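Presented sequentially are two complexes of chain A, the first with chain B as partner and the second with chain C.
Presenting the complex of A and B:
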């Protein structure tokens, strides 16, 4: 078999500078979206557990709607659709951050909620019985246990954010993917350049996963139950959304 | 005078806690899923008394304890503790009353200790931190004072060498000792025990019962839900028998256990003692 393609790997080193800049944008985009999603997701999760029915309903609608759209649809809708109607130009980077944050905060809200729900009911009873208020009960007893349970899911979300962030190239963000597309258009070496970019993404994800595993192991210490039942981690692992088949 | 000592003048034999007409339904308002757990319970406990509550499972014993400190607030009825009367109606609409209500609630909870069947220790904290949390966050003790009190209480229950252990490193009996220390560190006027030995391995039950007996001997007012009839007879002053959300029979401990008048009490006791 004869390959009609001539490999030109020498193009890779000379593109390294531009790609590195793209990688920097990808990192900024992902980090910013991750931090904002963490905060917003927690707020939404707390709203879903609030005593007020309208607040709970609003948070429910938020998680359902924002999880139902793909990031691709989202980015285009935000950057072109919303911008055209209201005459605002978010800028491509900001539009990317907003889209990534809305989508991922909805997923994170569900992770937080499941984690909070996995903390044994007796923990709350014990804290209230000591005379702690609701806020203190959450910050000293429920929160710290829930966070440990939520960490694996939240870090998983970071992995998704890094991967999904490549989609924002569609509106012209010059992240790692965006710069690669541009380079391919000018240098006509798609295999070489996409290979390098793909390997960069893989390296990045593996790095995050390794860090996550380390963090998870540290946090899991002492997280066995304080009562007689299974600990929050075991309960979280056996947690299923309604109708979901057991793993 | 600090609020922690307000009840101190109450003499032996005076009423410490009075529950009147307690009703409690779970899943209220959910058609077909409502469970009526308490159907009008009256209870009086005097200072220094040990009241033992017995009855089949599902009779409402645990819920009754949770109504007394309002971690499961009653739907109807009131609890009077150290002369303060509280109902389960939270004044939601008026902020000033709401704050006053929360203060009363806190008074009840900081003065009433509870020990749970499943210990409910905080797994992310050491034994010492478990015990120090309440004094620090609910009573406002400094970190140093709370820690000191925590070590003192843990020593009293024989856990001095486990101060820095996490709950996951302790046996069931040790966990329950820490839980008792946690409740006592609040310097409560009343102690509630909710089947404190039911989740323990048989060989560990005696140690916890001894701990409770020792506490009773110090004059602590206690309400004890238990299936340990030996304890009820020996340590209890009075026994109430509950069934289907009501108190069916009550009387002096030895008398009621050895000579029950009510049919259901007789059936329950013969089943449990055989």
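Presenting the complex of A and C:
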């Protein structure tokens, strides 16, 4: 096929510096949101398992709502809606971090909950029977076992965070996507520039996925030995939670 | 009620235009539905290639899935709408570009789901039906697919919901969906909170309805 279009790939190397800066912002945004949602997700998961009914219900509503919202709608709501009502100007980067954190903490909470649920009931009973308090039972017995199971899922969530983070470009964050949009406006080479950006995201995500797979294998090594019935990893996988989102 | 907030709530503009919001939401739903069906068709093809046993086809299908799952939907949308359009000299309408982006992204997810579903079925099933004289196509149609279907419904439901959330991005390239309606309203009346709350509520409601529908189908398909 003969294309009427002449490619201008030479624009790519000369834009590399700007794009690299955008990539740095994407990494900062994703890493910060990832760490914050790891913490917040654990709090929400513990609330979902709390003895008090209203706390459990509130945490349930939290996970249901945030897993139903798209990041785009939530960013608009937060950056324009909430900001106007309370008269606060969050700034675009902070708004992006807050939106990514809240949304992903809901998914993280479900991963934690599934992981905690995968630890055999007898472990808890045994710990309590040995005289450990509830806090101690969780921190020394249930927690360490659950973390092993949760880690691969949590790292995979980072993949979604990186992909979703591109959306904050629409409120003007100059992340990888944001800088690309700006470059396209001045250089008028949408195909070349968006291709490079897409490839960068792919590389980043393959890297994180590979790390997640490696971690999963390492953490599962001691579980691979014999025994009867499904191990914690299989129990966790069979615990269906609604997480896959092609965003 | 006097509030301490400097913001005057005005729900009028939103409530007066409830029909526009519903029309916008309907656009999101049908675009998602169409993209989902196309994504299932392509995804199934890719899944069959991935377990075809032919080395290079398997490799190609694997690369397809890995690449498409690594591209953020927004980037893909811009790539199709601005990039591809200029290279091949086609002017996509925003909706067409949206459907292409949603379909291709979705197909990478559905491919993995179908592959998992097909592989979950005991090999003996295929072997038995082949030795009973069913053709390769017949084996798929009468033996493997009905069993796969039961397995793939819940994850496919999740993909549908994911695509619905992705469809809200289409307003960025000027598709008149519900987010666009809210954006226009915000520009004309400066009611960002009310407008985006309305969109958020519609989205949460839609997701709840579709989740319930998926659970219903799941229950219907469950073996007694």
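Quick note on the criterion: the second predicted complex is superposed on the first by the 232 of 247 C-alpha atoms of A that agree within 3 Å, B and C clash if a C-alpha of one lies under 4 Å from a C-alpha of the other, contacts with A are read in each partner's own complex, and residues count from 1 in each chain.
Quick note on the criterion: a residue touches a chain if its C-beta (ideal position, glycine included) is under 8 Å from a C-beta of that chain, and two chains touch if they have at least 3 such contacts.
From a predicted model like this one, the values you see are computed outputs, not experimental measurements.
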Chain B versus chain C as contact partner of A:77, first or second or both or neither: second
First, second, both or neither for A:191, with chain B first and chain C second: second
First, second, both or neither for A:181, with chain B first and chain C second: second
Which superposed partner A:120 touches (first chain B, second chain C, both, neither): first
Chain B versus chain C as contact partner of A:166, first or second or both or neither: second
Which of chain B and chain C A:68 touches, first, second, both or neither: second
Broader residue contact with chain A after superposition on the shared chain, chain B or chain C: C
Partner chain in contact with A:13 - chain B first, chain C second, else both or neither: neither
Chain C contact footprint on chain A (complex, rising order): 3-5, 7, 64-65, 67-74, 76-77, 80-87, 162-167, 169-170, 177, 180-181, 184, 190-195, 197-198, 201-206, 240, 242-247
Complex contact set, residues of chain A against chain B: 120, 122-123, 125-133, 136, 140-141, 144-145, 148, 222-229, 231-232
Residue numbers on chain B that touch chain A, as the complex places them: 66, 69, 71, 102, 106, 109-110, 112-114, 116, 118-124, 130, 133-134, 137-139, 166-168, 172, 175, 182, 186, 199
In the complex, chain C residues that touch chain A: 5-7, 66-67, 69-76, 78-79, 82-84, 86-89, 105-106, 108-109, 154-155, 158-159, 161-163, 165-166, 168-169, 172, 179, 182-183, 186, 190, 192-197, 199-200, 203-204, 207-208, 211
